[in-house]
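Lettered A, B, C and D in written order, each chain numbered from 1.
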Amino acid sequence: MIISMRPHATKQEVDYVCERIGEFGYKVHSIVGEERVVIGVVGVGDVTQCLESLEATPGVEKAMRISAPYKFVSKEFRQDRTRIRVGRAEIGGDSFITMAGPCSVESEKQIMETAEAVAEAGATILRGGAFKPRTSPYDFQGMEGAGLKLLAKAREATGLAIVTEVMSDSDVDLVAEYADILQIGARNMQNFALLKKLGRCGRPVMLKRGLSATIKELLMSAEYVVAHGNSDVMLCERGIRTFETATRNTCDISAVPVLNELTHLPVILDPSHAVGKRSLVPPIARAAVAVGADGMIVEVHPCPEKAVSDGAQSLTIEGFRKMMHELEGYIALWKESRQEELVLA
Amino acid sequence: MIISMRPHATKQEVDYVCERIGEFGYKVHSIVGEERVVIGVVGVGDVTQCLESLEATPGVEKAMRISAPYKFVSKEFRQDRTRIRVGRAEIGGDSFITMAGPCSVESEKQIMETAEAVAEAGATILRGGAFKPRTSPYDFQGMEGAGLKLLAKAREATGLAIVTEVMSDSDVDLVAEYADILQIGARNMQNFALLKKLGRCGRPVMLKRGLSATIKELLMSAEYVVAHGNSDVMLCERGIRTFETATRNTCDISAVPVLNELTHLPVILDPSHAVGKRSLVPPIARAAVAVGADGMIVEVHPCPEKAVSDGAQSLTIEGFRKMMHELEGYIALWKESRQEELVLA
Amino acid sequence: MIISMRPHATKQEVDYVCERIGEFGYKVHSIVGEERVVIGVVGVGDVTQCLESLEATPGVEKAMRISAPYKFVSKEFRQDRTRIRVGRAEIGGDSFITMAGPCSVESEKQIMETAEAVAEAGATILRGGAFKPRTSPYDFQGMEGAGLKLLAKAREATGLAIVTEVMSDSDVDLVAEYADILQIGARNMQNFALLKKLGRCGRPVMLKRGLSATIKELLMSAEYVVAHGNSDVMLCERGIRTFETATRNTCDISAVPVLNELTHLPVILDPSHAVGKRSLVPPIARAAVAVGADGMIVEVHPCPEKAVSDGAQSLTIEGFRKMMHELEGYIALWKESRQEELVLA
Amino acid sequence: MIISMRPHATKQEVDYVCERIGEFGYKVHSIVGEERVVIGVVGVGDVTQCLESLEATPGVEKAMRISAPYKFVSKEFRQDRTRIRVGRAEIGGDSFITMAGPCSVESEKQIMETAEAVAEAGATILRGGAFKPRTSPYDFQGMEGAGLKLLAKAREATGLAIVTEVMSDSDVDLVAEYADILQIGARNMQNFALLKKLGRCGRPVMLKRGLSATIKELLMSAEYVVAHGNSDVMLCERGIRTFETATRNTCDISAVPVLNELTHLPVILDPSHAVGKRSLVPPIARAAVAVGADGMIVEVHPCPEKAVSDGAQSLTIEGFRKMMHELEGYIALWKESRQEELVLA
């Protein structure tokens, strides 16, 4: 920790801060500066508690931590990538993973048709919402249990693994019964009751970044799940909220390499929610591969204009096929660089 | 609804859109423009569904709703202010309401001492967290049930009503047993499972605005609670996340008059979380009164530097007293303008 | 300065950083931490240069400055408020200052009528744009020289001082001939050629905060003007750009007390641009007084619906009068607290 | 235009709005809705003026334009891509363009060495700042005229074309004498005096997006240059300002395909400023190629740790070479899709 005192803080204030540091079990390593005093602190203890306390102490301007606030998810804790196997897919491994499917499960016909089509085009994981977080209470809220059953049926028919959202700790057990990956939506990234429950759900978790969550906060939420017992966590960049309205969200493409530097967890990109518009999905999918994501999750619907939700950003089946074909060259380059990485390690 | 077609959309595309509008039970009222066609739609039905569907239809550029997406919380639904009575306070009524207390309930001594002091200085509602949403899994997570009991004890001793946070639908019943107002934190503003449960909790609800939630989304979340059966909802502006880092958040002071134009629900301002720094709380509290909020919620701690959370933004008891004294003139002006409003109505 | 090394930086890397610190004329004061090394640096020199250089050096994670990057505008440089006298107004002094007038100067009739009305209602400074920064090249660009002459005429008739915008260093001399205060618009806050020229313009300057400028950057731009020879600078908060679209911008009300802690320069609030909507101007004006701004700048037009620009946010003359009347109580409280401040100092 | 009235606007208010529409030379095409009236407007005239005026008119809630506010830069004005030839590079054509070089021109040795190295590695345009926009008045402000001369010398030696920044309309003539492309920095994107001057500078212009400028505002600024006589404009995405601090800015990668849908002007991506950190530049450069940008501009310095500015984000010469080599496969795919585009057109 580094404690920066206000300019002209009194000697008494500095002394009191040093005393408090001692009370927290830390050691004052050194005191720098004349006009403006800065205190270096070393040792091991409850950093957050100590920082918050010092920030509230007279004469202190800022108390900063130097070390990262997360442990298990950090690259320092584990050097090689976490690989998560679900069905025939391995996320974080040697293949770029495609998850595809409709925003909402709507009917057996819809989900079966989509599942077969996306499997054929190269996806290995089927997405589809049974519990839907909707801004308005008057909008379609999902097929819930019935939707989960349809997803399971689609898995049986196609061999695709299933990723689907869970919105409350009360539903975790139910969803875990059917899904291969439990998805946490952007609005629930800091639903800590839910995160804790996921630590004991026995399934891999895909954690979507909150609309205005920093990368550090995303990692802290992943740390919740891991610290509560579940280390199979993948992260998902799905666009953040900014002032720009030309796209639904702003795709923070740099989050992928930033996360690759900070964590060993796999990173998935969601071009559909990032841009919110069908025609922009393929270029962002190309960028996702090029930037080094471990996979992507894309919305596909047999008839987007009749979708109950997110139609505008859903690819048609034909559009998805075309995109997957177009991505082949990029995915070949992706594989090359993964292999080089392994050789170098 | 207004449907704006892409420039040079074909006649066929326009015809198909009109056909779809009919299928949703709406009526095409008129078609404007030559080079760029705009379609006016009238009638009553599932607007969201229709908008989403049309946005996904070939040739359509944008589908916009004209009416507000919320009903019960709108000023059009109810002209006069909603008044919510808890203990000796009436929120939305003729008095500016002060809620005050520590971030977290830490011990009996701490909460009793604070409760007595804030009551004496003019607060009528005691705040204090028993369930704490913390970014890190390693931080203090609250006293939970034991904390609720201490709050109840403080209520008994002082007559203050209690506002405290609930973080999961699983905890609503427990918290409702002790609290007078259930607070929904910023990170849970779109925890829809929780919002639905609050509709049947039998207690007033204070809904805090999410870090990056628009005012419209805040109203939609309030609509969830009201539509599920509970019309005693108050809204709380607590700062939004922006690029500015000089303050913890950016206090969107204009949200107060904007909400006063759109809704009949009371609006509370939280200067402590908005700014994150003790010395900035009093000027923002003055602004809260001047701008016409119905009340404020402020963090106060007998010894902020020893607080387990939010010490830097907590007022000391002495600081709170001083601020309340300073606010008297502003609150007198506030009352005058409320009385004028009643006379005019 | 504090230099934080990457975890596991080599001893060689640390040594090299220390060597570089020496080359910049600084002294390594102490080295903290084992696993992650942090270096404390003292001395006087070109901080920015040194920081940038170190951030580019292998093994370094972050190089942070502790001292503020501005000097002349800081509270440490000067304790008491800067007072700027123009006409019969003193900004930063014992009176809350009101600047009012139309967005654009449109005609003699319009500016004279407005000037007389706002003077009568209590304004002491007249605003009015002769050079207009417009997003579109097809919009009205201002009356330029002719507009300046009309402003001078209005000054003569009413005794109001004049504040008007200058958009290019090439126009500074011309505008300075007519205006009492040169206004720098939000889009030009970091037009450094212009800022340098203002250092030698011989007139007070009102510097508006950029749409996405931090408070620190605003102070750095003020520092440009002062460092180039002109210490009569006032700052203006006019709303920042965020994701919220219910208002034109988001009024960062906390910027006022933050600036009051950091600088001795006067701070003006612009409710009109902050909110963009007439009905929201009066509550924000009340908040401006309550929060402790030195004054406000408000748009007023005799017939807003016929204004060539910003009609939606302009008050009518009647509306302005009503607002000024309503503010009286708040301004009385403002004066009281300024007097207390002087007594305490 | 679409004019949406407030709920329960009176018939008189609607009639007056219709009258005003007529005064602006427009025609009311139709009036939709009962409870909430919406007016469709057709015709040709001064849209902005009419919109602003109507928004200020009693009873009006919102006045929206349907058509884009720009003309010359729109895809509707010109279908095929604008191609701009400078030196041996054609921007917007059949090759992905690389502009590379130091942030600032510092010395003859530095610029010559960099120029030769980047030319050899595949760049065709040399970047280098002679006039430097710096947040602090105490930072290095550029070599100005002397820097321009060194750039010209580097061009002579290597055949690279030169792109360099101009910060004021007063300097346009001087810079245009030496540069092949005049760069407008993010902070000057809405320096309208400068934009107007660029319309008559006789050189291609590269317009960088402002830190908080929307895509629409970027296009409007380009429209300024084109409308004032210069159609050789390229746009540059260089990251926008958001709440995320893990990167210097947030690279809005979607801006590239969004711009490709809206305009015929070439789009360049600046990975260096977008991320602000050397190690993140190569993945973002790959994304730039994959997403379909026309080129990129990258900072390269022979010794980044001794650079006078932006060292942390500058690639070393060796790092640049490696990146260019790695990009070859991606650029081959880029060329394929450009050729397909031509075949399809």
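By definition in this document, a contact is a pair of C-beta atoms (placed from the backbone, for glycine too) under 8 Å apart; a residue touches a chain by one contact, two chains touch by 3 or more.
Here the structure is a predicted model, which means the values were calculated and not measured.
Enquirer: Count the C-beta contact pairs for A-C and for A-D, then tell me which is higher.
Expert: Ranking A-C and A-D by C-beta contacts puts A-D first.
Enquirer: Average the CA atoms of each chain to get its centre, and name the chain whose centre is farthest from that of chain A.
Expert: Greatest centre separation from chain A goes to chain C.
Enquirer: Suppose each chain is reduced to the average of its Cα coordinates; what separation in Å results between chain A and chain B?
Expert: Each chain's C-alpha centroid was found; their separation is 27 Å.
Enquirer: Can you give the whole-Å distance between the Cα centres of chain A and chain C?
Expert: The answer is 39 Å.
Enquirer: Where the centres are mean C-alpha positions, what is the separation of chain A from chain D, in Å?
Expert: Each chain's C-alpha centroid was found; their separation is 31 Å.
Enquirer: Please list all residues of chain D that touch 2 or more other chains.
Expert: Counting only residues that touch two or more other chains, chain D contributes 212, 241-243, 245.
Enquirer: Can you tell me which positions in chain C touch chain D when the two form their complex?
Expert: Residue list for chain C touching chain D: 20, 46, 48-49, 52-58, 69-70, 133-141, 167-171, 187-188, 190-196, 210-212, 217, 220, 223-224, 227-228, 241, 278, 304-312, 314.
Enquirer: Within the complex, which stretch of chain C touches chain A?
Expert: These residues of chain C touch chain A: 2, 4, 7, 29-30, 32-36, 38, 40-42, 66-67, 76, 212, 241-243, 245.
Enquirer: Can you list the chain B residues touching chain C in their complex?
Expert: My answer: residues 212, 214-216, 240, 242-247, 250-258, 261, 274-275, 279-280, 283-284, 286-287, 289-292, 326, 329-330, 333, 336-337.
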